[in-house]
Every structure is written in structure tokens, then in C-alpha cells.
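One structure coming up, written as C-alpha cells, with questions to follow.
Lettered A, B, C and D in written order, each chain numbered from 1.
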């Protein structure tokens, strides 16, 4: 390394005094960032990534404190600076981008004012100059009508726009370093892709160094030059991105990488990391990862492993670095024949059939709104036909707000559809009496997204899992109930003795298991899993996915598996439905969907996923614009406003569902011969392009 | 006594980590502890008042009227020759009874209506909320005044009046809380396995709204003491010879210049009681506030 | 929703609430026992005389009929006359109402002038002795019964140190000084209590905002603590506080009954109390309606301001 | 403080406190005593008692009874002018107009009973008024001086409908303005027939109910006179060198308890109510501690006595069958003699917005509870109290105030009325009711003054024995004034507040 590091962090310790004791959130972290490079920090939730980032600017608030260490920026020791000297660096030399732009921006000032304030704070620009610069910045980060938008409040912008505003604010004073704390975690894949490429572009153009905090390995692979892997307050491995991915030398990093479901991986159990991260109050002696490490040795108990050289500019904190070869076991099977382990031939008998289901929400609040004609209808589910066969898993993907959960809830009959029928095992749920419906409820169960909110915090595990049993009369006595709850707990891999504990005594993954046990309690045939893993870290996500597959195998359950991550969906599903603005635009088996041809929207979704392969060439297809307002969907094909292939026809008439092969339906004019017949563009062009894309994707895996 | 209560409370809370954490937070708040102790003393005084009163609070005596505070009459006597100290002690009992019953009425009414509105939404909510809006257009004291005008003065009437007057705020708080709790997925989960609406409201949702309700109940407790005093000041509360603090202040006002003690001591009694309860309420809120109640051990793997 | 749409919506819902209030007022007033005719004529009146008076007052009609007659009268601003002294109610209200209004306005001005800085000052020095001072003042102020404070102030500043008159009222136009002097004690009493409420509310809003992420952003962009508190946090905390101030304002107008009684201040509160005691139905109704309307109106205004300053709540 | 006061102390403005606010300024219709206090100096009557309680002609000049005593011819004063803007001379027709108004049932005056014995009245010329009686009238002047016999300007009545917000009369003061609950403004009647009267240019009456406030105000000099001196606080005022307090024995004031002896079930009276027993009523009387009432309810400014009129009054009798201080033992004995067991439960109603009633009620409650009773005291607003009172839903209730100084005026107390609509509450079997009513109904006009005295002495003794009308004490009438208020002399009856005589030291 010939260059001087821009930021040099040495032996940083940051602690929080809490009622439980001292939380050592950052426990001796050292790293450096060179000018113009992107340094990634990854690790699971609670590892100390954010605290590290905030410590750099000494933004730790009481009860936290930086207790030890040195932070040098451009040769200056930041920790020795006075508050006002520090202030002149914050936002000027080092800027920060936070995860949730909505709460990070001040709700009662316009975005323009907020950026103006930063500019005027660090320069002696006049109001007018500052505003001019603000408008330029907003323009630069891709906000249309920048001068008008500058006068809007944060809540008036979409999520993607708000994150652009944050970025504009970050570059407003031409900083040398940007600390981006999970800048895209809250965003949809398509928006995430846009924001990441914007960030990359700006970073390259202005030669800004970026400390990119994320837990997404794909983002790391795509964005970073060098990476630090954090675990329990320490850096366990650091090095150039390619060697981290290809010459992994810490077992934790290996575990993280393997746990990610990847396109084209075989549908089998994912490798997982056992156990959970220790809490940072009482870190065990020795290696903090040893309890979860398959390579643990007696020596790991005593020695705290230092970061040691494991290659060129590659360090790892494992005493066995030298002995182990830890290259992740990605599948290298190019010609994977997925039909082998998919069950598309088995049991084609439909279990649940939805016909022409509609579910509209009114945005008006109360009769006055209605009187005034305020408020619109959100067509959350708009004329959907779908059928799920016995024993199969139907995946449902789509952007946030497209109506996935609403469809799920309507199928579970938690919502009464406004129109259409839901037929379950031959009987029409929509026509049932309350009493019949209650009986039917034991057949359809739901697993929810948020493990924190899906369990009643005031009830014990026994009550939570036992209640459905009582309601459906599946147990006769208290002891029988307890027995059954124990069985269910062990079924989902939880300790049976946890019966009388409350939900808050469990980790997120354990809670999700409890949720699954509750769904299983009434012995359902069909489970709607509404983003059951979206809120979880990859390592836990893998375990839950494994569990769901095990259960399916054992009980022959059908799933509707909702997620916004195509990787996850394809890993578990037999068929996939892609949803856009209340409609299903494409449905087919995984093969059909991933082998061209497919709908332009599916294509965009797929191409937007950052793949955990460093150096992979970006084949991203950019959609145009933002997700439209669901209360005012575009006329014609709803996707035309963002479709790269949009044709005049698309604005005029909604496409009909076309069967492109057996069971593969696409709603797109491109595949409608009556529309395409008189067009210049040949459908083959489209198909060819998509064929190429698919090849790239498959290649990446090797 | 206090240390006993303290220990008992402590042991009780010890059992459960969540409560322990709340209690720890509560205990660090000096003002909250002051409020707790004060409230305990207040309740004890209310209970044992008849035993420790030196005189009958209603006993008049023309020869002993308007005596200044002395050893014999620590708070002096009023113009009927009644012992102010005994009356203030007895008044504690009255105000406790009023406050406890008002809180009960307001809480039961408010929680049921608020829960129903927040759970069912649509026209039920609309009807309840608009009714509450209408009630809100009248300040508490006015509502109390009108109800008392209708029912006639008297302690029970005041209790009912204030119960009615404070119910709307409870409805609002509960409704707000119910609306947010209803969005929790466990409510949906209960629905999905066929739980009855009544159970969903009262067994799933209500326990999770306890802290909001409890904090509001403490506030109503304090405010109903104030409101009762205000209405007694206007002569609308308990019937003689029952002494209430508000009546005592208003009766003392005519002798304010020559015998200020008649009004002063009951005034101080109200103030310190309400102050104690307010501290307790604020302490409770801070301790129960879900925002500060972050579960530290919910992260990590399985 | 644009602001004007929001304004129309809020106005309509306020009108609806006002209508509801009028129904409530009318019906509860009928529930009050006591025969106005009897009160009018005293305890020595005879049945035949009472009947005459009842007829004169229209009390023999069905209640709903009385309501609609009343409503249409109110809508045409023909408020009728007091049962008791035959005075035009319009005049009565025109004299009494502005006095209570004056009391409320002065109180809210002073209460804001004290409460807002105190809260900001306290919150910006969290856990310092200043913060405790603000905290203590706010808890103290909400704990003290207004009439007791009033009585103590009379004792101190009208009796022991006779600086201010203990009661009464003087018109500002005839006696500007007298007006102010007479307002002093009631306004001080109400100010202490209302300033405490403002302090308490604003302080906790400030603290809540200080914990929010946008404050962290502001720090991360090098803004000074002073600017963060006085500009960013104060604005966010003030917006909901406006609502509280509005509610208090309405509350003073309605809650003045007690304070007006303490200081014999002849405002709308005393008028109401008086007419309740005398069963003067038309005056009770109109006073209550005036109070409710003020409350609803002030809240409407405050909501509109709120909606303007913080467009989020329009949704 | 006042509105419209020009503020310069030209020392001809008087500020007077009133103990309560008014409902109406129509002296012929108003129920409250304070109306009379104010309006008696604006609107005059034919006669009025002077401070010696001698009847003095006011608008009348003199009268002559016809020989058979069946009629009277009253000479009216000439040159009496109504107030502006209805200025003109008052004539006999005007008096007739007023009498017509009060006696007309459609007017709804509570003073109709003044006319019970008056058959007809008509003008004989401008200055002569003739009245025919049903029966010869024993107390002519007192009747004509009675409340409600005011002469209002007929022009004003025609124009305004009634006088409730603008009384126009002939008195020394002209009504100027009334702001309810705030002040009543009177100005001097420049054309008043007596020179040098009134002594001040303007009077402001301010209702101040709170005694402490009233005292502060007079001590501060914000007001010059207190009409209603809380007797309890009089000592404090007497201690102030700048203030004098005038007391006078009042012939018409009494603090009393009414005890419901009725067994009349029509009125919702439960059969077997304890107060139907004379023993119980007497036990109640024995339980009353008069000196405590004097001390507590009247601050010492009252006289003990158990009959309706105080001992020193022309109608007074020296009769005290019950112990003056409470005798709980005797009370217990009386209870034992009755069919009831101690503690005897009694329902007492009282008014929460009348200080005197509250004091009386609470004191009596405590005293009774000490003597074998258990009193449920229900305090309510006057409005409800009146209603309860008239529905007879009570055993005992405090009452106070004034009424006519002559017992022959049959306005003694509502409870003695015996017409169709008003069943008397007092007709308990073991009582002297029959004899009491006989005396009450008896025409005493034929009798000599001594015979009348004897008759009403008997009446009072019987009433006293029956213990249906318990006198707790006879409070004095008192006013307080700043020492620079001169020439004011207190009137025994407080509704004749001689404010027109007062003048301010220059």
C-alpha cells in the first residue's frame, strides 16, 4: 500500500451502560480506509456495525461512550478534537447516510431547507447560492423537477427519492468519506439497485471513499473494494472483496456466504451456522465465535485470536486460519436439472383455487371523506386467478405494496374479498357461514413476517401455541394440551422446557419457530407464509427455510410463500407468481420463469438482485420511474410506465393473460401474437436478449 | 410499613425480568419513588383515618370556633368549631374513594368503548369517535357540573359525573392504542385460527394496552381528585357532614383573612396528594414506555 | 390531500361535532330537575301562576319541537331572552363572553411566554438542575387546584400585601388600568397552571424529538446543539404543542366557572353557573353552546394550522 | 368594581355590595329579596315602615276609612313624577293599573295574595284612590306597604312588557343600567320631591357573594357599603377604624327549621314518618342548641328565643318551653316516649348555594345527631330545594329570611296556606293544627290591638309547642359602611335599605 489511509481506526472500543451491564458494542476494532475506495462492513444484526460507523464521527450518545482507541482522519486524531472542530468535519469531510431516510430527515422542514442548512453550515454561501447548489445536487442524484421537489417535505417523496435526498445531502459539501449505514436495506430490490448504482457512480466520479455498512453479501460483492466482517463487536476477517469471497479464511464468513440461497442452487437444505451470537455483555472467553464454529479446538476457548495475516492484505481472526481451507461450497453444477427434485409431476390436484378475487381498500377516513369524494380505492388485489395444488409451494414475489399480503390474507379468508371466489378443497369459503368458516380455519394457517409482532408478548409459549388447539377442540385436557405443545416445540426444534416462557425471552429466529409451531398446531393442509424470513439475518433465514421444507416433507403441506426476494422464493418454490400492482403478471414453474421468455417485470426483478459474486458484470436492466401510486394505477398495462419495452399499445389496453407454455402464463403484449404481429420489433429479439441474460446468471454461479 | 411494602413489591417484581427491568427503571427515578411512597402513605391514611382522627370531623362547638392551630388542634378549627385536622384526615378517605371509583368507571367505560371502536373500526368507530368528539367539546369540569345539575349534588353523583366526564379521554387513549395493537400480527394470527372477536379484544389486545391504560388511569386518578375538589368548591359534591377537601377550602374562604388555616391545610392536602400521584404517573409512564423498553436479547441467531 | 381539501373536511367535521354538541346540550338541559317557572316565581308561587309562566316559556310543547324551535332560533341568531330577567341573551353573551375571552387570551399569552422557554431550557439541559426546575414547576402547576391557588393569591396579594383587587372586573375601554389590575390575579392563577401544562407537554415532546433519528442526522452534519434544539427540535415539538395550547384555550373558556367564582369575575362561566342554579334554560343552552363552539372553533383553527405546518397529519 | 364609573372621585358615587345577584328587577314579580333592596329606592309604594317600624305614607298622603270599615279612600301625593323617559305626574289611575297587574292571575305575580282581602279599587279623581275590602282590614298600611304593591310607570310597562330589566318608578333613584352578575347602576332622580334626597349622585350595586371578598373590598375602599354583612365576619369589620358596622334588631328575620308534621299521603309523604309524632318534633326542639346558633350562624349578633317574633318585638311573647341550650337527655326521653327507637332517621334538605341555609342545616344536623337522631342532610341548589320543599319530600329543612312584620298578613308561610292547590303540610293529628289554623283564618280586623296581640301570642305558643316551626335564633340586621358615609341609619328591615339618605363626606 503506497497511499496513506484516509481513515485509520485503531483498537476502537465503544460501550453502552445498560441495566443488564456494560454492552461492549465495539470491542477493539481496527481498520483503515484509503481514499476513493469502498470499504464494506458486514455481519449479522447486532454485531456492532452501526456503532462502529457512528463512533468514527464521535456521534455516540449517552449511555454510550468511546472508551478506548484512536481514530485518525487525514492524519488528524478525531477523538482529541473539540466539539466545534469535530462539527466542522461532520458533514463536510465525512458525511453519513442512514438506513431509514424517512426518520433520518427532519419531518417538518422541506428537503431543500435541510440541504441548504448543511451547505450554509460549512460554507459561506448565501441563501440563494445554497439553494442553487441544493437544486443542482438534487438534480445530480436523479430527482426530477429538482427545484420544485426541493420545496417538498420528506413524507411527500417515495422511499427511493428520500434515499436520493440523503445522498444529495451527503455529497453536498464534497466529503472525502461517506459512511453509508445500510443505505438500501429498507428498499425494494429494484430501488436498491438504482440507489447502489447511483452511489457507485458518484463515488467513482468524485473519488469519495465509502464505508458501506450492510448485511447483504450481494451488495458487498457488487460494491466494495475491501471488506471487514464483524462478529460480536470485533472484526473477524478483513481483506479485498475477492479474497474474502474466494479465499475465505474465517469460519464465520464462510457460514454467512453459504447460507445465502442462490439462483440455480439445488433445492435442498442450506448450510447454516448453528447457535446464536453471544450477547455483548458477557462475551465468552477466547474466540467469540467458537461456540458456533464447526472447527472449534480446545485452544479456541482460551486464546482470543488476533487478526492475523491470511494472504495479501487479507487478515483473519482465527487461530486455525492456516490449517483450514474454507472456500465456500457453492454449487458448481452448470447444468443443474432442477426438475429432478421438484415435484411438478406429482399431485396436480388443486387444493385452493381463487377465481377473479378482488380486494379494494378505501383510503378515505370516515364518512366526511366519502361525502367530499376524498380518498380513492386502492386496488390491492385486482381480479386474480390463482390455484395451488396439494403439496406444492407457490412462491409469490413483487415489490412492496403490490398486494402480496392482501392476496395472502384474502386467501386465508382474513379479508372478505370484494368480488370473486376462494374455493378450498372444493368448498367455497366466500359463501360459508361463520360457523363453517371457523371449522375451515384449521385447514389454512398463516406464518407472519415479523417475529416480534406475531407473538403476543403477554402470553406464554404454552398459551400461544395451545390456544388454537383449544379453539378447535383438538385437545381435551390441560395435560393433553401441554403434551401436544411440547411435541410441537420439538417439531420446530425448540427446547420443550420453554413452555412457560414469554416471547421476549427468545431470539428472532426462535420466535419465528414458535410462529411456525402455532401454525402447525391445528394440523393444516395449507400454510400461507407471508415473508416469514424477510426480517431475519441470512444465517437464521437459512435455518427457517430448512425448517419449512422439512415440515412440508413430513406433513405434505402446501405453501403460499410470499417474499420479495426472488432468490429465496425460487429456493423453496415449485411455481412462482410475480405480482405487480394488484395483478399477477406472470406465473409458472421455476424453470419456466427463469428460462426465457418472461415478463419484462420479472426480468427487472431478477436482474436487480445483487449477486454475491465479486466482479460479476452488472447486467441490471433499469426500470423507469418509481412504483406508481396504487390508488391511481396507470391505464392499460399497469407496468407500461416503467417497462423498458413499452409500446403504444401498452398504454391503451391491458394485456390478457397468455399461456406461453403448459402452465406458464404471462400478461404482456410482447407475448400476444395479435398485438405483436404488426410490429417491427420481433419477439425473437426480446427472447434473445433474455436468453443472454440467463446465461450470465448461470455462469455467475461457477 | 413502607420498607415492608418496598420489600414485598421488590420480591414480586423480582420474579419477572420484564417487570424487574421496569421496576429498576422506576426505582432510579427519585421523583417516581417519592410519588410511590407518597401514594402509599395517602392510601394508608385513607384507610386508617377513622382510627387516628383526634375528633369527630362533624362535631360542632360554638365555644371553640376559629381557633388557630395549636397542640390541641394541629390545624386549628373552623367556624363551626370543627377540628380541621380530623376533617383533613377524613377527607383523604373521601378523595380516595371518589378517585378510585371514578377511575374504575372511566376506565371500564373508556376501555370497552375504545377497544370496540379500535377493533371494529368502520361505522362503530365512527359513531363512538364522533360521540367522544362531542363530549370533548365540553371541559371536564363543565361535564361534571351538568351531570351534577341533573342528578343532584352528592358524592355518588359526583363519582358518576366524573366517571362520565373522564371516560372520553380513556376511550380516545384506548382506541388509539387498540388501533396500533390491532395492526400487530398476533391479532391477525388469532383471527386466522378462528379466535372469537371478544377474546381477541379482551384477551389478546387488552393485555398489551395495559401500560397505556394504566398511565392514563393514574392521570385520571389525580385529575379526579382535582375535579372533585373543584366541584365541591362549587358546593356540588359530598353531603355534609362528610368533609371533602374542596368543601373545606370553599367554606374556609369566608374566614380567609382571620382564619386562613381552614382553607390552607386542605389545599395543601390536595396539592401534595395530586403531586404524589402525578410523580407516580410520570414515573410509571417513563418506566413502562415501550420506546425505552427495548428487549436487548432479541437479536442474533437460533 | 391538499390543505384546502383538508380544511373543508375538518370544517365539516367540526360543524358535525357542533351539531352533536347542540343536541347534547339541549337534551341534557331538559334533564336538569327543577321547574324554571317555580324558580322564577319563588317558593311562594301557586300552581295556576306556574302554569301561566310555563306556557309563556313554551315549556308545554314536546321536547323535540322545542329543540327545533330553538335550533332555528339560534341559526337566525334570535337567541331569545333570559327566563329570569327577560334580558336579550344576545346582549348577555355579548357582554360576558368577551371578558372570559380576554381572560383566556391573556392567560395563554403569558402561559406560552413562560411555558415554552422553560420547557426548551429544561429539555436542552436534560437531567441538570434546570431541567429539574422545569420538571418540578410543571408537576407542581398541574397538581395545584386552581381555586386553591386563587384563594392563596387573594390572601397574599389582596389581603396581606394589598396590591391587587381580589375580585371584579373593569372594562378596558373605560378604565384601561383598572381592567389590567383586575385581570391580574385570575390571570396569574390560570397562567401558573397552564404554563405548567405547556411546559410539561413541550418538554416531553422535546425529549422525544431529541431521541429521534433526524437529530442524529443533524449532529452528523455538524449542526450545533443550539441550532438543533432551537430550530429543528423546537419546531417539531412546537407543532403538536400548538394543539395542546388550543385545547387549553378552549378549556379555559369552559373551565373558567371555578376561577370566575373565586374572583367574582363576571364572565361566561359565572353566567353559566348562575343560570344552572336558576334553571334559566335558554341562557344555559346558549352559554354551553358558546363554550362548546369556542372549543370546537379553536380546535379547528389549531388543526388547520397544524395541518399547514405539518402536512403529514392531513393523511 | 364598576363599569361606566367616570373614576374621578367627585364623592357623589356610592358603591354598594349586595349579597347575591338578581334575577329580575320587576318588584311585582321577582322572588328574591335583593330585588326589593335595589328596586325599593327606584319604585315606591303607598306606605312604607320607617326605622321605628311606624307606617309612613310615601306615595299616599293620608287615608280615611269609610264608616263601615268596608272601604278606604286614600289621598295621593301630588307632583310625584315618574322617571325619564316616561316622565309625567303619577295619578290614581296609575296605582289602579299596578294593582290590576299584580292581582291578575295571568301576570303570574307571587304577590297576588296581597289582594285576597281587596275586593275592588278605583280612582276617584287624580289624587284619590278608593279600595273596597272583602272584610274589614286590620292592617291596611302594612298591606299597602307589602312587597309587590309598587307603583311602576304604566307607560314603561306598556312599552317594555314588564319591568324585569328596566324598572321605572317615582323613587329617589332612576334606574340606569343593569349588567347581570356585575352591577346595577342607579342615578339620582333630579326631580325627586324631597330636597337633598338622594344624598349621592350615583349608586352602583355590586353583587359580591364571597364574604371574604366583600370585606376586602370595603377595607380597600373599593366599595363604601356592605348591604349583606356576614354576621360571622362582623367582628373583623368592627376592628377596622375606617369602617363602622350598624346593627339593629330585625322584626322580620329569623333562622328557623321547618319540621314536616304532615301525614298527607297525596304529597308523597310516607306514612309513619317520625316527624308526624309530636314527641319526635319536640325532641328535635330539645336538641337545638340556640347559643351555638347565635355564635356560629350569626357570629354572636342574634338573640335567642323560641317564638316567631323576638321577645322585644311588639308581637313578641316570653315563651320558652324547650331548653335554650340543647338538652340531649330530654330529647332521648322524648324519643323513648314516641313509637320510634333511637337513632331516629330524618331526611333534611338544605340549599348548597345559600350560605345561611347551609350553616343552619349543618349545625342542626350535628346537634340532632348528638341527641339520638341520624340526619341525612341533602344539600342541593336552591332550585331543586324549592322543588323538594314543595313536594314535601323531607322531614326537616332550614329556612331563613324575612317576612311581614304583622302576623295578620296572611303571607306568613306557605305551609299554612289552605287553598285547594296547596294542601297544608301541618295537619298532624296529635298537634294543635286545628286551633292554629283557626286563629290564622280568623278575621282579626274587629279586634283591638291588645286582643290581636293575645290572639297571635296564643298562635305563637301553639306553634312553638307543636315544634313544627323551630326558631333557632333571631339574627340582627347589619350593614357596614366606610366612616365617611354619613347620615345613613340602618332600617330594621333590610329590604328598606335607606340608601337615599346616605351622603359622602366631602
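The rule we apply is simple: contacts are C-beta pairs under 8 Å (C-beta built on N, C-alpha and C of every residue); 3 or more make two chains touch, one makes a residue touch a chain.
The shown structure was predicted, so the numbers you read here are calculated from the model rather than taken from an experiment.
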*Out of A-B and A-C, which chain pair has the most contact pairs?*
A-B
_Could you work out how far the Cα centre of subunit A sits from that of subunit D, in whole Å?_
88
*What is the distance, in whole Å, between the centres of subunit A and subunit B, each centre taken as the mean of its C-alpha atoms?*
47
*Roughly how many whole angstrom separate the Cα centroids of subunit A and subunit C?*
51
*asked:* Based only on mean CA positions, could you tell me how far subunit B sits from subunit D in angstrom?
replied: 46
_Going by the contact rule already set, what residues in subunit B reach two or more other chains?_
149, 152, 253, 256-257
*Residues within subunit C bordering two or more other chains*: 13, 16, 33, 154, 159, 276
*Would you mind listing the residues of subunit D that make contact with two or more other chains?*
210, 212, 216, 353, 381, 384
*Which word fits how the chains touch one another: line, ring, star, complete or other?*
other
*Please list, in label order, each pair of chains that touches.*
A-B, A-C, B-C, B-D, C-D
*Show which residues of subunit D lie in contact with subunit C when the two form their complex.*
1-5, 7, 21-25, 29-32, 105-106, 108-110, 112, 161-162, 164-165, 178-182, 206-210, 212-213, 216-217, 220, 222, 353, 381-384, 386-387, 389-390, 411, 414, 419, 421-422
*Using the touch rule from the top, collect the residues of subunit C that touch subunit B in their complex.*
13, 16-18, 20-21, 24, 28-29, 31-33, 135, 139-140, 142-148, 151-152, 154-155, 159, 211, 250-251, 254-255, 257-258, 261, 272-273, 276, 288, 291-292, 295-296
*subunit C - residues contacting subunit A, complex*: 1, 5, 8-9, 12-13, 16, 212-214, 216-224, 232, 235-236, 239, 309-312
*Note which residues of subunit A are touching subunit B in the complex, please.*
18-20, 23, 44-46, 273-279, 292, 366-367, 409, 412, 414, 437-439, 441-442, 444-446, 448-450, 452-459, 464, 467-468, 471-472, 493, 502, 504-511, 513, 515, 518, 521-522, 537, 539-540, 543
_In the complex, subunit C residues that touch subunit D_ = 33-35, 38-50, 52-53, 56, 82, 84-87, 92, 95-96, 154, 158-159, 162, 165-171, 174-175, 178, 182, 262, 264, 266, 270-271, 274, 276-279
